[in-house]
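Okay, so subunit A shows up in both of these, paired with subunit B first and subunit C after.
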Partner chain A sequence: MNAIIISAVLGVIMMFSGIFLKKNSSIAALAILGIIILLAVTIMEMSGYHFFAVDTHGMLFFDAFGLLFNCVAFAGTLALFLLNAKDIAAIGNNPGEYFALIFFVLCGIAIASSFNTLLMLFIGIEIISIPLYILTGSDKRNLKSNEASLKYLLLGAFSTGLMLLGIAFLYGASEKGSFFIDELAIGKAAASPLLMAGLLLITTSLAFKVSAAPFHFWAPDVYDGAPTPVTSFMATVVKGGAFIAFIRLFGDAFVELKSQWQIFIAILAAATLLIGNITAVFQQSVKRMLAYSSVAHIGFMLFALLTLNTLAREGTILYIAAYSAATIGLFAILAKMKDHGFEGFNGMARQYPKLALAATIFLLSLAGIPLTGGFLAKYYMIASVMQTGHFLWLVILSLFCAAISIYYYFRVIQAMYFKEGQGQHLEVSAGFSGWLIVLAIIVILLGIFPQWLIDRLYIIYL
Partner chain B sequence: MIPVLLIVVPLLAGLISFNLKDASAKGWTLFASLVTLGITLIAVALPEGSKQLAVNAEWLTALNSRFSLNVDGLAKILCLLTALSFPIIFIATWNEQYKKARNFFGLMMLSQAGLIGVFLASDALLFYFFWELALIPVYFLASQWGGEKKVQATFKFFVYTFLGSLMMLVAIIFISQHTRDHSFSIASFYGLKGMISAHDQTWLFWLMFVAFAVKMPVFPFHTWQPDTYEQSTPAVTMVLSGIMVKMGLYGIMRWLAPVLPIGTYLWGDAVSTLCIIGIIYASLIALRQDDLKRLVAYSSIAHVGLMCMAIFATTESGIQGVMIQLFNHGINILGLWIVVYLIEKQFHTRKISELGGLAAKAPGLTLLLLIVTLGNIALPLTNGFIGEFLMFNGIYTSQSTTYNVVFMVTAAISIILAAMYMLNMVQRVFYGPVNALTEKAVDIRLNEKMVLGFIAVLIILIGIYPEPLFHLTKDAVESVLAKMYVKP
Partner chain C sequence: MPINYYIFLSVALFCIGVAGVLTRRNAIIVFMCIELMLNAVNLLLVAFSKMHHLALAATDPNAGINGQLFVFFIMVVAAAEVSVGLAIIAMLYRNTHSVDINFLNRLKH
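Moving on, here comes the complex of A and B:
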């Protein structure tokens, strides 16, 4: 509860900050302060300090899984702000509002990670989406940004419609006529056609939100068009939030009907892996490549949805943390660059050795090389599927996809280290490189001692 | 404590080297590699099973994986090879000038840490970690320093090995989920005893074997090797072929054959056939090679194929031969690469057809090369003979195949072919008329003489008195063999 209220309040504060604070840097500093407060109150809630006593009539339910995800999401946003706050403020003329919108999105994420009824799920997803439509188009003079925003709005509205329809179906199919997710499929050995239809609709809608193939077509265009820091936020924190909602819905409501929907998710995962990885190979811009790579990673995360076992829950948190850290780091560098093509990275190792080193660690993590968080994340996902004893074909397929991903991630490393070239001039401060190195160290720590993160799932005072 | 030092010393030395000046990195890493050698010698001297040789600490408790290292006979011989090779490589290539030398030497030390980790790990997940950790520095080494096509060649190598390791990872996960305590420890892996059905073992075998086969490499997974060896800078080629190749053979002996005995037994003939094809094929190509580097590369494929075959023979003499040959082949191939490097440095060509008559101009080099060559073609009284003789004996007496005579005879052809291409090379490069290029040849320098002399002495010494190597690996041979499936 702490996070939901505080993030909304912070959003309002940020909205008016533009009136009182004239300098971009002070607004950025205020935003960083705000996100630190938000992170702190969430950690305190995990430790048993509740600041607000709001009776939600059971519509919201806070558990370690959701709260820990919130911590990861807020920490990711903190990393984003530390690296790119100035770039966010410099998107347009209203710096305070961009931060305000981000805080509103975080509020939506806090709801989406703790919903207990379908209504709260819907509200959470919408609070996430609407500020994002604005953020995507916030670079008003850029035609691509406007196009991305419109595209995102139209397709997003469509998927929202599907979700509402799905919710209506599920409501109709539930015996008690209830929106509560634990009562949706109660006492049903097999899904009725109505329930199945509702489930499919809501799956489609959520697949759209996490950009799983074949509902991913918006993602590359929107990610490419949106201002880079916003893309970074959308591809990591927001995507994680939507995915947590996905996991919570299936894990709490439909886990008993697993056998009936598992095959859909398996196909979804396979298609996402294939399309994401293969299309990423052909990209000429690193930004677009990362967009497809984010699609590919959703393919791996869907393994958790497929299995819904302990390994999957632990793995989801680790995956989102490792993936977000690496992706935010790479986008942070991209945000400083003008040329987003692979050639833009040529010779970077010579000009900016620290940046190149950090970027290499991020790329290795995304590719799933041991000693980085990305490896253990992939490990958890593969192990969780293998534990079920089925879907070995999916595991083998994912291996080949992981091998393909080496190609496009290493292209960047090759450009940085092995290609000669007068790279572009980047305006990076010492602080930026410092925080980037810290983020890289976190990625490695996640790969060596994931324990301290995963243990948080089980240490809780609520 | 000692196993941790063996990994941490090169690791820290490598990390420190990144922050040194280019000029001082060379000396620093040589010093660090000598320290590592010292620690290895202590480890080798300690009796097996002593407390100092094992480490077992908590690590990924959620996954049931522990940080456990253990030094047994097999690990000792490979650590010794690794620890010995690095100073040899550094001294032999002492006069080489590298761009960004500190990075070069730092990465070299990191790869040493990874390699030693691979040989010591007694937890499957930890093994996998080190397996990849050894690969990453080598990837950067081979892509940054070397020939024109280095980036493409190394990338091919990387993708091959990465896909192989991922397959191994799936097998490791599957096996660990079937162990009694769902752990990754080698004891649980060895304690499986029939808990994985023969049917599962058949496909698990290939998942693991491909990872090891790519590293060795065994036909048809070898296509990365000649390109990578040719394009890499000499020091890296030496690491790749002297030590990294052994990771595959080691993996089979430690993690494949004892863990999946039925799968190993069922596919033994198929693997041996692949090895035979590889041996003959590589030998024939080596015979026709004009490029010295490619010649040595193909000769390595042939030798390693024979070693792989000898493991699957499942006999005491075969496995004993492999363990000894792991060390001997490492030393011999190192010697060959050093000679190739010295020739290329002096004449800026590797074409056999452009060289000739070196013997008259460089008698020191010629003598030492001759000894290395004789070791490589396994002449009696050289180290190669002991290992290959045992392996042939093992293949011939094998109970696990009905084709042992066929395997033995076809493999024996490889010895003849090896003699042909090696001696042919010696003759054309070192004897015959002196041409314009070799007219001004000078003999090798002191440091080069020292390392080649050292290698030559080792070759003859082991050839005459191989007892210490037997003694070192005796227990390991028995423990591997005890877990393999032998037809009653």
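Moving on, here comes the complex of A and C:
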């Protein structure tokens, strides 16, 4: 509850900060302070300090899984702010508002990771989406940003409509007439057609939100058109939030009906892996390549939804942490660049060795090379599928896709280290490269000591 | 009246909305069709709410009221979405003097 209230309050504070603070750098500093406070209160809530006694009538339910994800999401946002706060403030004329909208999205994420009724799921997903429509279009003079925002808005609202119809069907199918997710499917060994239709519609809509294939087509266009720091936020923290909502819904409400929807999720994961990885190979721009790679990574994360066992829950947190750290780092470098093509990276190792080193570690982690967080995250996902004893074909397919992904990630490394080129001039401060190196070290630490993160799932004083 | 009629009516309205979203090229009309989808859901929720009330009123006089509450939330969220959406469409119109969504293909290079 701490995070939900504090993030909303911080959003309001940031909204009015533009009146009192005239300099972009002071607004950015205030935002960094705010996100540190938000992270601190979430960690305190995990340790048993509740600042607000709000009776939610059981509509929100806080457990270690949701709270730990909140910590990861806020830490990811903190990394984004430390690296790119100036770029966020420089998107347009209203720096305070961009940070305010990001805090409102974080409020939505805190709700979506702790919902206990379909009402709160809907509210959470919408609080995430509506500020993002604005953030996507925040570069008002840029036509690409305008179009991305309109496209995101129309498809997002459309998928919300699908989700609502699904919720209405589930409500009709529940015998108690309630929206509480643990009462939806009680005692239903075989699903009624109404329940099945509702489940299908909600799955479709959440697949839209996390951009799983075949509902991914909006993602590359929107990620490409949005201002780069916003893309970084959308592709990591927001996607993780929507995915946690997905896992919580299926884990708490429909786990008894597993046999009926499992094959559908398996096909979704396979399609996402194939389409994400194969299309990423053909991209000419690194920003677009990362957009497709984010689709491909959702394919791996869907393994957790497929199995829903202990390994899957641990793996989800680790996957989101490792993937977010690496992607935020890469987008932070991209945000400083004018040319987002592969050629833009030519000869970077000579000009900016620290940046090139950090970027290499991020790319290795995304490709899943051992000793990085990305490797263990993929390992957890595949192990959770192996544990079920079924879906061996999916495991083989995922290994094949991971091999493809090495090609397009290494293309960037090759450009940085082995190609001659007049690299573009980047305005990087010493602080920026310092934080980038810290982020790279975190990626490696996640790959060596994942239990530091995962053990937090089991240590809780609620 | 059996609940099936309400389900058919709502689903028909919803499908009209979906068809509109998929076929129309004017951003504002697409937006209206999305509103139609949301309102079809509202109708369905109210119908289910009444159904649950009739079935469970003997044990719980407030049974089914949560469905109607949900409708209010949908209305509020839809209003928020429309205000953001129309602002985005107005912004696009200011830059391109058109609200045609065929325009969206420019992002695919």
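Just so we're on the same page, the second predicted complex is superposed on the first by the 462 of 462 C-alpha atoms of A that agree within 3 Å, B and C clash if a C-alpha of one lies under 4 Å from a C-alpha of the other, contacts with A are read in each partner's own complex, and residues count from 1 in each chain.
Just so we're on the same page, contacts are C-beta pairs under 8 Å (C-beta built on N, C-alpha and C of every residue); 3 or more make two chains touch, one makes a residue touch a chain.
No experiment lies behind these values; they were computed from the predicted model shown.
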{"item": "Residue contacts with subunit A in the superposition, subunit B compared against subunit C", "value": "C"}
{"item": "First, second, both or neither for A:123, with subunit B first and subunit C second", "value": "second"}
{"item": "Which of subunit B and subunit C A:383 touches, first, second, both or neither", "value": "first"}
{"item": "Which of subunit B and subunit C A:264 touches, first, second, both or neither", "value": "neither"}
{"item": "Which of subunit B and subunit C A:369 touches, first, second, both or neither", "value": "first"}
{"item": "Which of subunit B and subunit C A:414 touches, first, second, both or neither", "value": "first"}
{"item": "Which of subunit B and subunit C A:406 touches, first, second, both or neither", "value": "first"}
{"item": "Touched partner set for A:164, first subunit B, second subunit C, both or neither", "value": "second"}
{"item": "Subunit B versus subunit C as contact partner of A:149, first or second or both or neither", "value": "second"}
{"item": "Residues of subunit A that lie at the interface with subunit B and also at the interface with subunit C", "value": "none"}
{"item": "Touching residues (chain side subunit C, partner subunit A) in the complex", "value": "3, 7, 10-11, 14, 17-18, 21, 27, 30-31, 34, 37-38, 40-41, 44-45, 48-49, 51-53, 55-56, 63-64, 66-67, 69-70, 73-74, 77, 80-81, 84-85, 87-89, 91-92, 95-96, 101, 103-104, 106-109"}
{"item": "Touching residues on subunit A, where the partner in the complex is subunit C", "value": "119, 122-123, 126, 130, 133-134, 137, 140-141, 143-144, 146-151, 153-154, 157-158, 160-161, 164-165, 167-169, 171-172, 176-179, 221, 224-225, 284"}
{"item": "Parts of subunit B lying in touch with subunit A, wherever the complex brings them together", "value": "60-63, 128-129, 131-133, 136, 140, 143-144, 150-151, 155, 158-159, 162-163, 166-167, 169-170, 173-174, 177"}
{"item": "Interface residues, subunit A side, partner subunit B - complex", "value": "314, 364, 369-371, 375-376, 379, 382-383, 386-387, 395-396, 399-400, 402-403, 406-407, 410, 414, 417-418, 450-451, 454-455"}
